[in-house]
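Mind having a look at this structure? Questions to follow.
Here the chain labels run A, B, C and D in written order, and each chain numbers its own residues starting at 1.
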Amino acid sequence: MPEPDTLTSPSAMLERMMLIRAFEENNCALQAAGSAPGTCTSVGQEAAAVGVVAALGPNDLILTNHRSSGHLLARGADPGRILAEIMGRSTGYCKGKSGSLHVSVKELGVILTSTIVGGELSLATGAALSLSLLGGDAVVACFFGDGAACEGIFHESVNLAAVWNLPVLYVCENNQWQAFVRRDETMLIDQISSRAAGYGIEGLTVDGNDVQAVHQAASRAIRKIRQTRKPILLETYTYRQRGHYEPDDQNYVDPKELAAWVAKDPIGHLKNKMLGEGTISAADIDAMQKRVHATVAKAVEFAQNSPFPDAAELTTDVYA
Amino acid sequence: MPEPDTLTSPSAMLERMMLIRAFEENNCALQAAGSAPGTCTSVGQEAAAVGVVAALGPNDLILTNHRSSGHLLARGADPGRILAEIMGRSTGYCKGKSGSLHVSVKELGVILTSTIVGGELSLATGAALSLSLLGGDAVVACFFGDGAACEGIFHESVNLAAVWNLPVLYVCENNQWQAFVRRDETMLIDQISSRAAGYGIEGLTVDGNDVQAVHQAASRAIRKIRQTRKPILLETYTYRQRGHYEPDDQNYVDPKELAAWVAKDPIGHLKNKMLGEGTISAADIDAMQKRVHATVAKAVEFAQNSPFPDAAELTTDVYA
Amino acid sequence: MPQMIVNQAIAEALAEEMRRDSRVVMFGEGVATKRQELVAEFGKARVRNTPLAEAIIAGTAAGAAATGLRPIIDLLFEPFICYAMDQIVNSAAKLRYISGGQFSFPMVVMALTGCGWTVGAQHNHNLESWFVHTPGLKVVMPSTADDFKGLLKSAIRDDNPVLFFTDMVLGYQAGEVPEGEHLVPLGSARIRRPGTDVTIVSYAKMVHTCLQAAEELAAKGISAEVIDLRTLKPLDESAILASARKTGRVVVVHEASRMCGVGAEVAAIVAEQAFASLKAPVVRVTGPDAPPPSSYALEQAFMPQPARIVAVAQELASGEHPHA
Amino acid sequence: MPQMIVNQAIAEALAEEMRRDSRVVMFGEGVATKRQELVAEFGKARVRNTPLAEAIIAGTAAGAAATGLRPIIDLLFEPFICYAMDQIVNSAAKLRYISGGQFSFPMVVMALTGCGWTVGAQHNHNLESWFVHTPGLKVVMPSTADDFKGLLKSAIRDDNPVLFFTDMVLGYQAGEVPEGEHLVPLGSARIRRPGTDVTIVSYAKMVHTCLQAAEELAAKGISAEVIDLRTLKPLDESAILASARKTGRVVVVHEASRMCGVGAEVAAIVAEQAFASLKAPVVRVTGPDAPPPSSYALEQAFMPQPARIVAVAQELASGEHPHA
């Protein structure tokens, strides 16, 4: 059984963010070429995935949603099996029954992925209750969007975790968009973390484009949750650089706003910082780029050569 | 068509609270005698009903829930028709189809009463949207409990009213109980109004056993809502003196806590204050007591002499 | 055999299964307050009150079920389940399939429903057919104390989400319950009264109404077989078909509204697979297409009554049904 | 007659009804972004984006409907309606009755569903039978552009809550739509192809599958009548019965799961009221009791295919059905 990855060094985090970017941009290319169905990408949000997941231990659990490739890859999932799932192949993590929208990888602790906005919030408390009652100090990291924070289940989930002392790190990736709706059309507040007080728990907002800041904040929060068993709401303030789903012409997006955020791209940001510090060289980056592209190419080959599921699979896995 | 009552003087407010108390205690007696089904009473919470409703104008709308007698009577509803509804008679406000749990009186603007906890929160935004689009400066007063504030729909309703500028006064009667569960088992905070900040709106808590304080706070809030069209969350901090439903032995209630709150009873509080100020005499109170009992006696007579609905009514009013 | 009321049978099933398996936990609004005996025996960690929040109660159950616990939740009254449909249908019922079989969801959702307490349409709405229609779920709706106990125990041991519905007036109805371990398997109907002329298929409290009708029919020389479905999903098709093929005449009785109800399913199964044996139209006797009213007078009129069942069965047996 | 795709027919119906009646408003997640033409013509007050919050979207619609507006809401994909079941079922569908007729709820709930886009079980779940089962609601599920337009206009004018479901692959399917005011009344089925040997009852995109099957059957000398239900509640029982009585053989086809589906209702109606005319078992051809899968290969296998319908109709017509 594969072990979840632990990414500690800045260069490991950088390379993983580059892998996520390459993987998702390749998905877009496959979609544009008609070789794969559309997907939701996390382009611009890789720092949240890598920063938080790098702070988790091997027994911790992750819940995620429709925009999950980053979380999965940060955790060490096989890009080939993710892509096979996206392409509906039987070698996909869910045998092709999921498709891109709800990929779970139980063996890595990435469980119960749901594309119902708020689904991960529904389920996180239960996973944490199991952890609580079955012992140990593991925690649940629950990734959701600013849109999910508008759903009633956000309120119910965070409140229950608070009163039941459940070990959940709620990670709200506030990417300023909810499909085709601007976040500021959906709430009067700017930071979702300001809602934490209403549940009597700690909330904080971190620069979601700075993977090291995210990692530091997440590590602190997770350490605290392991001790106190109380939930914390961590918001990564960031931006969705591509459309909601591929393809999406983004004609509803203000190009200036987008450009300003692209300039703060988390991968570019870390590259520049490390180059400036001298902790990485241009050649190192080139080598990384080659490696991630090779990984993606292998994934494509694996997925494209994988068979579709047999029709008999239609009615298996319905009941236990 | 009857006009909603406007109660301005302290003595009018006192007498109306006494009517609510007498009406509900009579319901308990009828239930105990087997002459009527059980009901949820608002004993101890009359100040919220009378204080808020007295601050409303004739075109304003009210939404309420399973614990509605106080709101209905404060608005001027006919106790006979409420009781007839409770007893399943065709002269009830809903022809007996509702029973006690969801009594609406459209002609008085008490609309869409729901016994689904949070139902009134679901519907208040829509009523306010109608008021907004159809013009005028009317507002919606939406009464709900601390339990309803745990439902996801609270979050969705208040947030939508905030972003859409809907004229809703959210009145949370925090009576420390949610059926058979203590409020402090269900949230880490003490005051529901502290959640307002998370929606970017104003929230405030008022002594729910002081009808004048409630009235003043509600009047201010309503004036503000008429001008700004922004919702406000007003919490009346109070206590449910009787059981959740009749009959209920309340064996799960701490008798000391109950006694402390009974000592702060809103009717006793106002009586004492007015007697102290000399704005009312013992004889005045006696006369009030006689009047409210006579009103209740008339209501009982009306309801008991009313017919049950005809079986043909079973399938009317399903579709418009 | 000891006599006990249905509520007692339920309480015994819960306690026995919690004793047997430490992964069984129970929570809901007032569960800890109302089930002090379970708190006393199993502790506050396993028996919990919750905030008023049906969606997260069900979601927590689903999440816990997928990760090692076996939760039982009490959602009180069936209409309140409307707040938890996403968690039950989109998560608990589907995520096993969606994940390619990675997870299972051993959980039980309890709720009351049915006419008799004049509580009106927001506390009483027989929604069982919604869940029968939904892949991934099981649905149980017993009629007698022994079955309440035996089926609830099986539901708790089942590895799938089970909706366990109690007709609210049955709570205080007494019946014999076998001593010791008593399990009733899910998916098996029970012949409540054997007969040869007409089959009456029903479930939950309507079974008692049907038995009364069968008694009256017997007095008129008509031998009615009464089948208590007990589990609505999986449905015991073979029991239904065996009886339909024997009698050639079928009446289905339930309180839920007619359209797309369980009666429609039973009628459709019979009309396909017992067609060759049918001697008469398949007739449904159900509640009307209206929300359940509160007023006692109307609520009684909502429920199918023995007289109507008797009349239908007589028409079928005599060949005088208008569509025969 | 002008040709247009279904999405265009829907857009025209919305615009025409908003033009006709200023009380018609529309909102939902992305509605204002995606329907710029409506915003341009009717303004931001009447055409709105919402937060991601299906429950309050539906609740707001119900509250607004009861107080003078005529809201249309777009809940995007059918499984998302699970978040709004309380507002649709416990409020919009019941509060007219509960209040003794004081309120009415003229509102339309739109959503997409159905196989074809490989979106998987949390975007695709044919739930129409839940709403058909529920008193107080109406349910529409058209198959062609003209009916989309005419039925949506009627739904908007109806004084009751109407669920209006669109099989997602139909959005880009073109068809002729009459010019000028085009209304199709709710509750009336349409004979898509007349025939004498067997009746095939269906709705939504499966109608096209059935027409293909009918074509193949014609080549084999079997004359199939294809009925498009169009409205599922109220259901056009007389159209179903007239055809069933004429042909004596009925197949019901839908993509939704079988148990307690609309097919069960149709079969039950036929088995009761057309019994005397039936020459063969009533057979359902439906999706399996499984959540819809994503993988293209599996998703195609989920949908009833013409070959299966042809095979069943042939069996019935030839008297060779295993249960004939």
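Everything below uses one rule, namely that contacts are C-beta pairs under 8 Å (C-beta built on N, C-alpha and C of every residue); 3 or more make two chains touch, one makes a residue touch a chain.
Keep in mind that what you see is a predicted model, and the values were worked out from it rather than measured.
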**Prompt:** What chain is the most remote from subunit C, judged by the mean position of CA atoms in each chain?
**Reply:** A
**Message:** For the interfaces B-D and A-D, which has the higher count of C-beta pairs in contact?
**Reply:** B-D
**Prompt:** If you average the Cα atoms of subunit A and of subunit C to get two centres, how far apart are those centres in Å?
**Reply:** 41
**Message:** Centroid from C-alpha atoms only, then distance subunit A to subunit D, rounded to Å. What do you get?
**Reply:** 36
**Request:** Indicate the whole-number Å distance between the mean C-alpha point of subunit C and the mean C-alpha point of subunit D.
**Result:** 29
**Item:** Numbers and ranges of subunit A residues touching at least 2 other chains
**Value:** 92, 95-98, 102, 114, 116, 118-119, 150-153, 156, 159, 163, 185-187, 318
**Prompt:** What are the residues of subunit C that contact at least two other chains?
**Reply:** 50-51, 53, 55-56, 79, 82-83, 86, 90, 97-98, 120, 122, 135-136, 288-291, 293
**Request:** Indicate which of the five shapes (line, ring, star, complete, other) describes how the chains touch one another.
**Result:** complete
**Asked** subunit D touches which residues of subunit A in the complex?
**Response** 37, 88-90, 92, 95-102, 114-119, 147-148, 150-153, 178-181, 185-187, 252, 308-309, 311, 313-315, 318
**Asked** Quick one: in the complex, what on subunit D touches subunit A?
**Response** 29-30, 33-34, 49-56, 79-80, 82-83, 118-120, 122-123, 288-291, 293-298, 301-302
**Prompt:** Which residues of subunit A touch subunit B in the complex?
**Reply:** 150-156, 159, 162-163, 185-189, 194-195, 197-201
**Complete:** subunit C residues touching subunit A in their complex are 25, 45-46, 48, 50-51, 53, 55-56, 58-69, 71, 86-87, 90-91, 95-106, 135-136, 159-160
**Complete:** Counting only contacts in the complex, subunit D reaches subunit C at residues 79, 82-83, 85-86, 89-90, 93-94, 97-98, 120-122, 125, 127, 129-130, 132-136, 233, 235, 256-257, 259-265, 267-268, 270-276, 278, 280-284, 288-291, 293, 323-324
